[in-house]
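My questions will all concern the structure given below.
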Amino acid sequence: MSEEANQSSGQVKQFLYVNRRAPHGSNYAQEGLEVALIGAAFEQDVVMAYVDDGVFQLKSQQDTSDIGTKNFGATYGALGDYDVQTIYVEKESLEMRGLTEDDLMPLVYEDEDDDWEEKPMINIVSACQLAEIIDQSDVVLNF
Amino acid sequence: MKFAVLVNEGPYTHQASDSAYHFTRSALSQGHEVMRVFFYHDGVNNGTRLTTPPQDDRNITNRWSALAGEYDLDLVVCVAAAQRRGIVDADEQKRNKKDANNIADGFRISGLGQLIEAGIQADRLVSFGD
Amino acid sequence: MMLHTVNKSPFEKDSLKSCLRLSKEKSSILMIEDGVYGAIRGASTERSVAEAAKTRSIYALGPDLKARGIDLEKLVDGITVVDYDGFVKLAVESSKVQSWM
Amino acid sequence: MKFAVLVNEGPYTHQASDSAYHFTRSALSQGHEVMRVFFYHDGVNNGTRLTTPPQDDRNITNRWSALAGEYDLDLVVCVAAAQRRGIVDADEQKRNKKDANNIADGFRISGLGQLIEAGIQADRLVSFGD
Amino acid sequence: MSEEANQSSGQVKQFLYVNRRAPHGSNYAQEGLEVALIGAAFEQDVVMAYVDDGVFQLKSQQDTSDIGTKNFGATYGALGDYDVQTIYVEKESLEMRGLTEDDLMPLVYEDEDDDWEEKPMINIVSACQLAEIIDQSDVVLNF
Amino acid sequence: MMLHTVNKSPFEKDSLKSCLRLSKEKSSILMIEDGVYGAIRGASTERSVAEAAKTRSIYALGPDLKARGIDLEKLVDGITVVDYDGFVKLAVESSKVQSWM
């Protein structure tokens, strides 16, 4: 969305969602994701950050069929459709949990400014970089 | 073997109620007795009939009610915890002068003594919570 | 011997650490729900879990591992995977069950 | 200054609802505006009128209702979270074919958009939860 | 209560309550205490253990008047009246939190076998001793 | 500058640790609810809190300290005690508020 479009459609803030909880054991992950999607539908600038156990939310190959809960994993794939382009994942959190970027879902968005090319959404960042990102956002919600 | 199960968290928010359900179902299907499932703390919220979960999701309360019907299971909601959290049956409605109740089929409200009794009588008491 | 269950992630909460400190040798420990994150090989928790597995029987609930996308090939050595029926069997075989939440 | 408050946990179980209440009350008494208190996650459980806390304890739901009356406060319960947890008003009762409702005075059920709107319009959004 | 009295009043088990949560931030502490008191009223053998943040429950001079919640601290003093005689507090948990036994409420019970003499209820134990106590009990409930 | 609130005990959960790691220098951190246990002098958390207090403004909510029986004379050096009115004032003075739960 261009700067002009933002301004013409009313106030736009950058909403940063800091996801710190593991999925499935509680539904903070699921209900946090629901807020982010609604926020994007409101044409706000939505940025997702995954730190601590939140990085487990992005783990590939999650399959809840044997615990009988709703598998909301597919919803992460929909983030791109809602104009969410940026997901930050903290490097230190991944390493502590024995994970690398290859263990995460390959999430992409289509870049309308670049002939709808599919581009990766996940950016691995250091704690220091993430602190800066948190500081620059307008509204921060932790789930 | 005689089991008792304690559920300390509400439906959907934590996995505890799901785990307790799968454990109870497995114990029953292996021929064990489950003398009581006691709902304490936020667990009392499993016993409301007013939930409307998304259609593609499990209905946790109905699932407990159905299991209770199938195996004549004793589902007990703690009265003190229920009063704090607004889970009410017809008796409690009358006693506390409320204009509605919300208890689900197969659940009954009773005292904490039912948990102690379960601990005394059961061979194993297994807790699920947050 | 006792069965201990742990349902919290060892990265978020102190439940696993306390369970390991306060369970006797030869007891059984079953990781369930977010507790199964303690079973991941290569994580910062691997050493203490592998060490505990030398003196205790450590189990992880398969349905919870699968829900979280944890590869059964990548578990800490010495962990046995069980399903809900196996959970019930462990409870039957143990003298009592303590839940670390 | 214009505040919005998010409450993610139910009454009594966690202190979040108490903290949110004291914060809101203090902001209002200092002359600030609190444009909305949004109840999400287990926070929706603050909005039931069926609680009967012990007589020597605070009544958390009534306290919110009274504050709403005093300051014309907008107490919004998230509909999706409420459906999972059995918090129902007259409209939801009708829509989901329930035989009762339990919403308390001064609370209304609405969508998550109300939280986003609060985030956009308020100068500060302050969250309380577990 | 003598051995005979126990046996004549039906089955008596040792219920061990392992309290691991801080008070006030959540009501696990309060609702856990309520279970213990009911258990004692059922003439079961009740033993309390406080470990991890649970040791904060026994901190002296707690005063909830400024947060407006019910102060259930006095209830710990009632444990003795319910024939609860033994409270174990884990040493390691206290030390990590900068506490000593002097920081705890001075809880006592009246020993009916010793001319109703007031005796202290709190026993500071090591992790190793507590593991043994847990192992020896019949029913363990964590709150 | 931002205000960060922390409402969890640093002995039980990783909230304070993450807040310290992910908050910038000069930001404000307010301990509330069980978060105030992080203010105790002599605890295992003292060093990291005292260290953080050199570059950040650290506050603890008085009503929560009092509820938990924490002696105001025994707080980590550099911590300022505020009441609910002070909490609101901190929120007003800060650019935004992030809650570490």
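Lettered A, B, C, D, E and F in written order, each chain numbered from 1.
To be clear about the criterion, a residue touches a chain if its C-beta (ideal position, glycine included) is under 8 Å from a C-beta of that chain, and two chains touch if they have at least 3 such contacts.
The structure displayed is predicted, hence computed values, not measured ones.
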{"item": "Chains contacting each of subunit E and subunit F, listed by label", "value": "C, D"}
{"item": "Contacts common to subunit D and subunit E (chain labels)", "value": "B, F"}
{"item": "Rotation angle superposing subunit C onto its copy subunit F by C-alpha atoms, nearest 5 degrees", "value": "180"}
{"item": "Mean-CA-position distance for subunit E and subunit B (Å)", "value": "27"}
{"item": "CA centroid of subunit B to CA centroid of subunit F, Å", "value": "38"}
{"item": "Sites on subunit C at which at least two other chains make contact", "value": "7, 11-12, 14, 33-34, 63, 96-97, 99, 101"}
{"item": "Interface hub residues of subunit A, defined as touching at least two other chains", "value": "24-27, 52, 67, 69, 139, 142"}
{"item": "Residues within subunit D bordering two or more other chains", "value": "12-13, 15, 19, 22, 41, 54, 125, 127, 129-130"}
{"item": "Interchain contacts (touch definition) - all pairs", "value": "A-B, A-C, A-D, A-F, B-C, B-D, B-E, C-E, C-F, D-E, D-F, E-F"}
{"item": "In the complex, subunit E residues that touch subunit C", "value": "18, 20, 51-52, 90, 92, 127, 130-132, 134-135, 137-140, 142"}
{"item": "Contact footprint of subunit D on subunit A as seen in their complex", "value": "11, 13, 15, 27-28, 31, 34-35, 38-39, 41-42, 44, 139, 141-142"}
{"item": "Subunit A residues within the subunit B interface of the complex", "value": "24-27, 67-70"}
{"item": "Partner subunit F, residues of subunit E touching it in the complex", "value": "21-26, 52-53, 56, 59-67, 69, 96-98"}
{"item": "Complex contact set, residues of subunit B against subunit A", "value": "12-15, 18-19, 22, 54, 56-58, 130"}
